[in-house]
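Chain IDs A, B, C and D follow the sequence of writing; residue 1 opens each chain.
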Amino acid sequence: MSESSFMSSPDARGHFGEFGGRFVPEALMPACLELESAFRDAWADAAFQHEYRTVLKEFGGRPTPVTPLPRLSERLGLELYAKREDLAHTGSHKINNVVGQTLLTKRMGKTRVIAETGAGQHGVATATAAARFGLECTVYMGEVDTKRQVLNVFRMELLGATVVPVTSGSRTLKDAVNEAMREWVSCVNDTHYCLGSVMGPHPFPWMVRELQSIIGIEASAQLHDMGVGTPDLVVACVGGGSNAAGVFAGFANTSARLVGVEAAGGSAVGMGSPGVLHGMKSLLIQDEFGQIEEAHSISAGLDYPGIGPEHAFLATSGRAEYQAIGDDEVLGALKVLSELEGIIPALETAHAVAWIMKEAGGAIPKGSKVLLNLSGRGDKDVAQVREILRAEG
Amino acid sequence: MKHLEQQLRALRSSGRKALVPYFVAGLTPDWIQHVEAAVLAGADAVEIGVPFSDPMIDGVVIQEGVLRSLEAGTTLDSVCKDLSSLSTHVPLVAMTYYNIFFHYGLERAAGKIAASGLSGAIVPDLTIEESSDWRVACDAHDLANVFIVAPSSTPDRVALLAPASEGFCYASARMAVTGRAADEGDAKRVVGEVRAISDVPVYVGIGIGTPEQAREASMVSDGVIVGTALVQLILDGGDVHAIEDFIGSFRRAIDIAPVSA
Amino acid sequence: MSESSFMSSPDARGHFGEFGGRFVPEALMPACLELESAFRDAWADAAFQHEYRTVLKEFGGRPTPVTPLPRLSERLGLELYAKREDLAHTGSHKINNVVGQTLLTKRMGKTRVIAETGAGQHGVATATAAARFGLECTVYMGEVDTKRQVLNVFRMELLGATVVPVTSGSRTLKDAVNEAMREWVSCVNDTHYCLGSVMGPHPFPWMVRELQSIIGIEASAQLHDMGVGTPDLVVACVGGGSNAAGVFAGFANTSARLVGVEAAGGSAVGMGSPGVLHGMKSLLIQDEFGQIEEAHSISAGLDYPGIGPEHAFLATSGRAEYQAIGDDEVLGALKVLSELEGIIPALETAHAVAWIMKEAGGAIPKGSKVLLNLSGRGDKDVAQVREILRAEG
Amino acid sequence: MKHLEQQLRALRSSGRKALVPYFVAGLTPDWIQHVEAAVLAGADAVEIGVPFSDPMIDGVVIQEGVLRSLEAGTTLDSVCKDLSSLSTHVPLVAMTYYNIFFHYGLERAAGKIAASGLSGAIVPDLTIEESSDWRVACDAHDLANVFIVAPSSTPDRVALLAPASEGFCYASARMAVTGRAADEGDAKRVVGEVRAISDVPVYVGIGIGTPEQAREASMVSDGVIVGTALVQLILDGGDVHAIEDFIGSFRRAIDIAPVSA
């Protein structure tokens, strides 16, 4: 990969610098190769591109707007804009990815998708796209999460999906990925594994980034139309890193500073080291023996001990920075955005808001033009936030 | 040719089907005795599973074993230390996920396990495409790197994997993670595809849970790998005697198999 | 009003045929008159129109798409399209109205809004727009509803609004309107009453319809762009009637049949008679003595004993038809739309879906082109639906 | 000029300030006795509140009274029937929301209440703009239609309302719904605005809860309307004696007021 052109394609084996690649059981290699070639083919096919964009427009609600945030801007002394993925169908950027992958599933002649989910956002999105295209759908979800997110389980069921509680390991997202991979081995013929972020074996990190890059491509054009031009800073929260990759993709080759905000308890860049998990080489939170540690975050969507390999590359190459925000800073940011701008963000997104609030006038010079990727809406989180605030009295 | 492969080819030449039990290292404090019991009862080689937190290709039984072992504090170093008390004539092959070696340092890990008496390694999530660094490290320490061929492997992949696999080639009997299975799976086809390309010994694993299944698999291959059923026995509290009985029953089953299929 | 041009302006005193007008305490008359002239003025002002449209675009997520519904179409033998108000900010068409009214509030130099709410959708929307424009906000909500809709109360609070539980009468929506009117009397100088549907005294029914007409105007243009042309049928659910009025407005002077679907337990057209309530003359559900009866519906948003006066006029003049759907038909429709099209509709919206499902091939001839106004998303309802389905076993 | 207005003008000419209590008709079974007690204690006219399910301009106390009365089965017909047993020399004025009359039929309602001895009506949610049909019905039955002027009424509205109000003009003392209030409100200004345009008697209502407040309001007007405080007394179980005492105290307070302000 040429260092002067960030976020172009990875190498032939899916490497972003030293990260990425494919670390999967041989049983899955043919499926990964098939998927790679199917995606390469589809992505270069104008008809597929047209269908993908048409579905995202007519069904997914794209383009999502860029919203100026005048009141928060005034408070912080910045010029803030938000790319509104919260307004996309199902309430987050996740739909961009699943629409692409379900269309690809059909193109490959497969009739079923499986997916992992943490809080349920990617699961709901996958179930949604599967319903829309008449595919069978099974979602693996840590048993702990199925109990925490009863309503999202029910939403998936309403959408016709089967939700399988995963009882291995920590019974959370990490284990749901393991289980989905295991399951994929036994049904790879007719089933596509619809991975939810820019992670996993090649071609997933690249494919999901490409499917999410519509965020950044739209935002860049919208900011130009609004007369804002290139922002000084683009900020996104990072779980696996798909929304961040999507928005960064529109600005990687501009002068914009790119900042990904991780949860402090799941900060793979800040606390992690190189390792191999879930089919990829990347930065991971692991103990001194290479055992993967559980991530901990108030937001289920950032509760992942790794980060997509391209982010690991962007971090080590210096093109993007990654910052961490603790649980205690998140609720305040959620409240401020709600009260000042009338947008209740997802807890994940609130990490990015919190970092902007914290660094305004510091690491972010006064007057900077900042694009926040507002990755999702907070409706899914209000019950949890309410409980926390009540407990705090 | 690595030493492991020389040994296993010799075993095949002797007409004996290889019986290769899999142990989760550190699962019980006396796991080394378990290994010794298996050897006593007729194991021809032993897979030493070094536990990893995220055993992506293992079914629930081995997951449970791995988890217990990790809770007991097992590490690559502790496994190697335990192995220093094991004296056996049969070859030992490490089986673990790539991150364990990668995190330890590939060269350092290869040296460490070789020094602990292991002569081969199976790394199920290390694809051949990503394996060059590891194989360099293996070569430096006469470690045989075993590849797995799956029922889904395409002819071009079999053509890559079979010649590259050292010691033996692991033929996955089915598209599934480790665990018990009712059917025979694709063992015969997969073994045949490997044999068409390479004369490395081919062992069948994944889903070999009963002596009868072992017998059938051994009839179409050079040996069988028995994992889940054995780990289950140990999880259920099976002691050295139970392990001897268990391995003995598999030994007998494959020994009465016709010499070749 | 000329009968040949439906849905133009009401007469000078706000009458749609025999319905509408102003029936309020004298104390509120000056405010109604001020509001009427302020709206008339603003609506004719290109700068206001521009701001309203810009906010709806950048903040509200407009235009919402028109989504073809291929799988439901196939099942029903129709050609179905959905106007996706569920994708608008806060999850329903309510945002169109509140953006307009809060902009008007600022234009009138007022600093505070009050609103009534039933399930909380209009309350959340009002709190949202108030936050966005820095207005104080108080929302009146029947005490029964505050208990049923704890999370919506919390959402409003997160947005900085004060929610006042109303303990008079039946402690539901009807009483919340009474209470908001009472409250308005005492703060009319600095406070605008942001009414949530096409009801109340003139200019509200007309103003809210105008603010919602963007739905129909967009949909008509979108259907033409998609090559569909004028639909045979336009269907919307009706509580007060704002989403229906909004979509009907785009088709009133075409050949399209217009159908509003009420909840059977709140069917003001089907079961009501002319009467005066909440500032308007319209069709109301009342007993033989003119006492207003409580409406009953599985969906809080249709739980209103009246209907907007313009709908009463459209009904009696025959330009639109109004049909009723019972609670028992609603859940099935919600499930079908979820499973076949990947869209979980609001319970309100599911009434319109249910009617289409029921009449496909009957009152709706096979092959008809049908536009469904998908007024809101079902996220707010999933807990309730889950409880009902569990109770049913 | 309607009969009611002739009576009330005569009252004013006599120098006496009008005291007009408000009753929720049907609130208790003996509500007619309550009315009689009030008259005995010095009421000059009585407002007969016909309950409506949605009393938009009433505060919590009257709402409660209305609700109880409705639960007891009160209807316009039952009120009229009850009134047939009332014999009094003071005028009675109906007070209710428009839907009660509209639903009954305007002409029919006007005839009915007139036949029951009522000579006027206050319909707080009937704006002058919407009042023509009702006023036609009133005219046919010599019913005086009372309009309310509010503190927010603009000069052009006062100019519409004051001349149109028959019997008396209801000057709302404050921007509030019925209920108690601490301050004096805008009574003086509102009355002044009405008087500048019309010589119809002007009574002050809304928030007159104590004899002292009544006295002050009567000093700037031709009479006072007392609602909430009286309804509260009855809700609290006050009997005819309590009502007599209550009305008596108001009577005395306004009688010692200077003749005019």
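One rule holds in what follows: a residue touches a chain if its C-beta (ideal position, glycine included) is under 8 Å from a C-beta of that chain, and two chains touch if they have at least 3 such contacts.
Because the structure is predicted, anything quoted here is derived from the model rather than measured.
In whole angstrom, the spacing between the mean C-alpha positions of subunit A and subunit B is 37. If you average the Cα atoms of subunit A and of subunit D, the two centres end up 67 Å apart. If the chains shown are joined wherever they touch, the resulting network is a simple chain of contacts running from one end to the other without closing. Remark: the chains found to touch one another pair up as A-B, A-C, C-D. Listed in rising order, the residues of subunit D touching subunit C in the complex are 52-60, 63, 67, 70, 75-76, 97-100, 102-104, 124-127, 129-130, 147-154, 157, 161, 172, 175-177.
Contacts from subunit A toward subunit B in the complex involve residues 13, 21-31, 168-169, 174-175, 178, 181-182, 185-189, 273-279, 281, 284, 286, 289-293.
Chain contact summary for the complex, subunit C toward subunit A: residues 57-59, 61, 64-68, 71, 84, 87-89, 91, 127-132, 134, 150-151, 154-155, 158-160, 334-335, 338-344, 379, 382-383, 385-386.
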